[in-house]
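Alright, structures below, take your time with them.
Next come two complexes, and both contain chain A; in the first it sits with chain B, in the second with chain C.
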Partner chain A sequence: MNVAQRLLAKEWSALAAAILAGFVVLSLLSPEFLTEFNLYVMLRSFCVVLVVAFAQMLALGVGQLNLSIGALGGLVAIAAGGVMDKLGFPIALAVGLGLLIGAAGGLANGLLTVRTGINGFIITLATASVFTGVNLGVTESIPFYNLPAAFVAFGTERFFAIPYLLAPPIAVGAALAFFLARTVPGRYLLAVGGNPQAAELSGLPRDRMIVLAHVLSGLLAAVGAILAVAQLGSAQPTIGADWLIISFAAPIIGGAALTGGHISVAATSLAVVLIVLIQNGMVLAKVDPYWVQFLLGALILVAVGLNRLRALHARSE
Partner chain B sequence: MTNAEVRADRPGPQAWLVEQSNLLGLAAIIVLLWMAFTARAPGFVTPFNLFAISRSVAIDIVIGYSTMVVLATGGMNLAIGSIGVCSVMLAGYLMQKLGLPVPLAFAAGLALGALLGFANGTAIVRSGVNSFIITLASASLFMGGMLILTKAAIYNGVPPAIAAFGRMRWGFISPLLLIALATGAALLILFRFTALGREILASGANARAAELSGVPVGRVVVTVHTLSGLLAAGAGLMLMTRLGAAMPSIGEDWLLPSFVAPVLGGTLLAGGFVSIIGTILGALLVATIRSGLLIVQVGNFWLQLFLGLILLFAVMVDRYRGVYAERRGLGRSS
Partner chain C sequence: MRFVVENAGKSFPGVVALDGVSLDIRPGEVHALVGENGAGKSTLIKIITGLYRPDEGLLSIDGKEVRFASPRDAIAAGVSAVHQERNLIPRFSVGENIMIERLPARGGLVDYASVHAEARRFLDMIDPSMDTRTEVRRLSVAQMQIVEIAKALSLEAGLLLLDEPTASISGHEAEALFAVLRRLKAEGKAIVFVSHKLDEVIALSDRVTVLRDGKTAVAGDPIAAVSRSRMVSAMIGRDEPVANLGVRKTLRDDAVLEVIGIATTLGHRDLSFTLNKGEILGLYGLVGAGRTELARTLIGDAKVTAGKLRLNGAPVSIRSVSQALRKFRIGYISEDRKGEGLILAHPVRSNVAITVWRRVLNRLGLLLRRRESEIAGPLARKLEIKTPSLEQTVGKLSGGNQQKVSIAKWLAVEVKILIVDEPTVGVDIKTKSAIHELIAEITRGDVSVLLISSDMPEMIALADRILVMRDFLIVGELENNRHYEPMSRRIMNLIHGDFAGKGSDAEWETTSG
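Take a look at the complex of A and B:
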């Protein structure tokens, strides 16, 4: 294999090429694209999506699905926003509470899945409805607007083109990459996802790893929700309502297998970059926003098709 | 046997009893809820409210069938809402913009639903990718395509006959309910008495075994997705008669009810077993709770919470029944 072939064999090579092409095309076609402000807007919309994608990616890593990420995110958003607005909680405490709710929701998902042995799809479909129900019941769809100035400022301030909001997702990504590649629980988690029977036979705590993945998934949903509140400057009950498709799109475009054990922080991040680039391109081209939804669906289908081809190709060699 | 339970292998008498206990339990819960709501609010059993319940349950039942037929093979269809709205918008467009007669427009809507379902099934079989991910992507694709073409416009200039049909009352029930029940009867015949029905259940119970015994599993999967698309279109058109207009928001909130009704009714997620009466009862339970909460003024906001809790409760009971059945050596086809 020469260098070019080896690069092509990498799963994210097609993604990197697509991003590069998109970047070149957009900067040639639109003079606004490379302005500092547009880059800032793009990076800012990158933040929440990235963490949400990581939340789903971890569930996929152990061969689970988490349909409740958006619903849990919405609940965390209104809980953290609510205690800041109505009870005057300091920011750190409100954020801590939000993360706790996220982890607790994930723990509930994990325990229910493991204890009942029921498909995680149906469990998280049900808990999603519970989380959304509590959210709507408490807020009656009325957002919390009265948030601390420092918190809102964090969501809007920037250093040249780089939003402050970008710091948490980058830190989360780095921690996650380290966790999955270098720590014992991280390796166990992927081993359990890759081959549950083999992992069980070699004495790995399979159930505990599934619960761990769900807890981390819930925690990341909470991080995404808090970032979304900061970004919007208000705690909207609708936060998370549109996360479902994007949470699956990014890891899958990044080559994650639904069967588990095969996920990549780098590839998922690149997929998010591609999605944000497409969204930005649509805005600059002033196309109907509906095209984003259409293209996202098409992109997932293309990605699974490509992965399928690559797998067939690898088998024939 | 007078029940609507259909499975791939012939059940023994004990297995039959276990399955019946689920339907009986579900029916008992519904009766108890009706008694409780009637005691709390006499308005619950007025002809008007019964009519409203019959109309909404009819739509929920067909949405439930749409998922049920796919679950029979162990697959999923997350695109039901998107297919439903695409069919409705096509029918609305044909009537309002092209002036086509109602039956022709509805037939076109149903055909589009079947076609989109066929596309789903073909993509799943050809790519070999999980139906979850294909239909998640196609849901986004269909919805986006519909919005691009219609620009999210509402077609409220459709013939008044449509809304009149939605308001029509036979006694205190809507004719829509009869359509839902007749569709159920047709599905019952399909699963119980036809070779195709047997092949669908066999593919769901054990795809490899079915393939080895000569069942064309790929073709079966395409068929159930086509059927699922057709049923989703039917549910959408039924909802359109209730709303009296073709709205792009139709189908947005179908995901949960589409799974709640069949799963409450005992249809297995793993495939190989469907219960049509169970799906009808499951939808009736959902409609009862929705209407009851409104009438005792708990408000729509808490409805979602109750639906989620009920689904959780139901799957856990189902799991318990499964464990019980295994211990008794009954075994399920999962």
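Take a look at the complex of A and C:
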């Protein structure tokens, strides 16, 4: 195999090519595209989506689906925002509380799934409704606006085109990649996803790994929610309501297997870049934003189709 | 380690799987566990490895009672097993799979250098040629089996339990495995060996326990004291059945399929042979010789890049599996019946009728259960599929009966050419001869069979002619006289010898250079 073939064999090669093509086309077509401000806008919208995609990716890693990511995110957003606005909690404490709620929500998802033996799809469908119910019951759909200035500033300030908001997602991505590739629990988690029966026969703590994946998934949903609050400058009860499709889209475009055991931080990140790029391109081209949803669906189909072709090609060799 | 099972009993709703079974596994011995499918071997194995808890009875290690709540407990107590089910993580490397139970780690981080070095050590015992960095999903079934064995060895357990370890590996690899087992035995390990291949059992074991219908039929007697025929009659409650194939025609010149000098994208070169009407043509070779790949080519799953295929004299090109089936009536019974052959969660009825759904539609295009049953019923009776009803889900049937269901579904479609790949792997003696009779019988209805098997006695018992393959080439063609001794010697000569000058037999000729 030469270098080009080896590159092509990588599952994210099609994504990288698409991103490259998108960049070239957009910079040729639109003079605004490469401006510092537009790059900043793109990177800023990248942050929350990336963490949300990671949250779903971890559930997919053990062969589970987490439908409650958005609902849990909404709950965390109003909880963290609420304690800062109404109770005057310092930022660190509010963030800590938010993360705790996220992890606890994930723990509930995981334990319910493992203890009852009911499919995670159904458990998280139910808990999603529970989380949303608590959210709306507490807030009566009224957002919290009165947030600490430093917190809001973190969501808007930038270093040239780089938003400060980008730091947490990058750190999370790096930590996650390292966790999955190099640590023992990370490998166990993927082993359980890759072949649950084998993992059990090998004496791996299968149930604990499924719970761990859900806890991490909830924790990342909370990170996404806190970033979203900072980005918006207010704690909206509707945060997370539109996360569901995108949370699946990115890992799947990145080649994740729904059956578990096959997820990639790099490919998921590239998929998010591509999604953001397309959204930005549509804004620049003044396409009605309602069509973004359509395009996202089409993109999933194209990406999955390309992956399939590549797999077939690899097999016939 | 001395591992004793005393009076173990286990029931499932409606079935008594084990009834007062005892097993005394001593250090430094290979203890064979044999019995037909459904005799209770799997249940006993699952009790020993901590997957099931017995309803009654005791387990003890070196005189101390033990209770396993999970496989983890059994592994911790020094019990290691090669299970029949695939026990590997597809996306992980060979090395990581072997070491998964206790990944070498430093400060919580996996130390991949030692993962591969350690794995290498155990893999070398069986197959030094395999790379520990290959992803498991890229391996063949036989290679995966070797990884499973290396994985079990890597636990360096006091008790090693192997459930049909040689079902999918070649004779050569099996020999390497037996050498390792003899060495472990000499080191004082206790070994439980489960196999349907009685020759292996006799060659390897010190003691044998035979189970029948969940009870002990032979209780750990020294192997020298148990003859092969006693083992068989203990297993099935009567003498070994010999498949009655009827009278086989010897003269054939009615070519159905002619393969002329084909090459494929999978690596075959210059293959030529003819399959005649009503013939059982055997394809023998070691695992990896390219037999299954040839079968896949014939059903349109891989591309022919050179040469010609002729069906009933007319040149054809087969482009897809569906076309092979519907237009050319070529069927393929996969060796991986659970993965590829059957829909385990569906009833017997629809598994049999699936190949003919187009024919059982009513005018509105709806499937009729009644029509499905009309097709499945007679076939199920003819093949003596043991099932409470046609509505039973296939996953609940025994391995042999599942195999019969896969055969039935191809009979339903009325194929002209049937390719059967390892039809009796993991199937008990009684069912095996029933399947052999079945294959012989369908050829009397003018169906031609291409038989792929790594089981030498099966090949010699069943095939009319035998093609021997090696490295994706056909290295010889033998007229089969069904005499085991001379035939097996000729086949082995073709596989291992420099076939050009060997043998005094005039019947065979090489067809490749």
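The rule is short, and it goes like this: the second predicted complex is superposed on the first by the 317 of 317 C-alpha atoms of A that agree within 3 Å, B and C clash if a C-alpha of one lies under 4 Å from a C-alpha of the other, contacts with A are read in each partner's own complex, and residues count from 1 in each chain.
Keep this in mind: a residue touches a chain if its C-beta (ideal position, glycine included) is under 8 Å from a C-beta of that chain, and two chains touch if they have at least 3 such contacts.
Note that the structure is predicted; figures quoted are calculated from it, not measured.
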Three-chain arrangement built on chain A, chain B and chain C clash or fit: clash
First (chain B), second (chain C), both or neither touched by A:L190: second
Chain B versus chain C as contact partner of A:A198, first or second or both or neither: second
Chain A residues touched by each partner, larger count belonging to chain B or chain C: B
Which superposed partner A:G261 touches (first chain B, second chain C, both, neither): second
Touching partner for A:L212 - first (chain B), second (chain C), both, neither: neither
Contacts of A:A271 with chain B and chain C, given as first, second, both or neither: neither
Overlapping segment of chain C (options 349-357, 421-429, 475-483 or 493-501) - the one that collides with chain B in the superposed model: 349-357
Shared chain A surface residues [contacts with chain B and with chain C]: none
Residue numbers on chain B that touch chain A, as the complex places them: 76, 123, 127-130, 132-134, 136-145, 147-148, 151-152, 255-256, 259, 263, 269-270, 299, 301-309, 311-312, 315-316, 318-319
Interfacial residue positions of chain C with respect to chain A in the complex: 49, 51, 70-72, 74-76, 81, 83, 85-92, 96, 100-101, 103, 105, 108-110, 151, 265, 302-303
Chain C contact footprint on chain A (complex, rising order): 182-185, 187, 190-191, 194-195, 197-205, 261-262, 316-317
Chain B-facing residues of chain A, complex: 65, 112, 116-119, 121-123, 125-134, 136-137, 140-141, 244-245, 248-249, 252, 258, 288, 290-298, 300-301, 304-305, 308
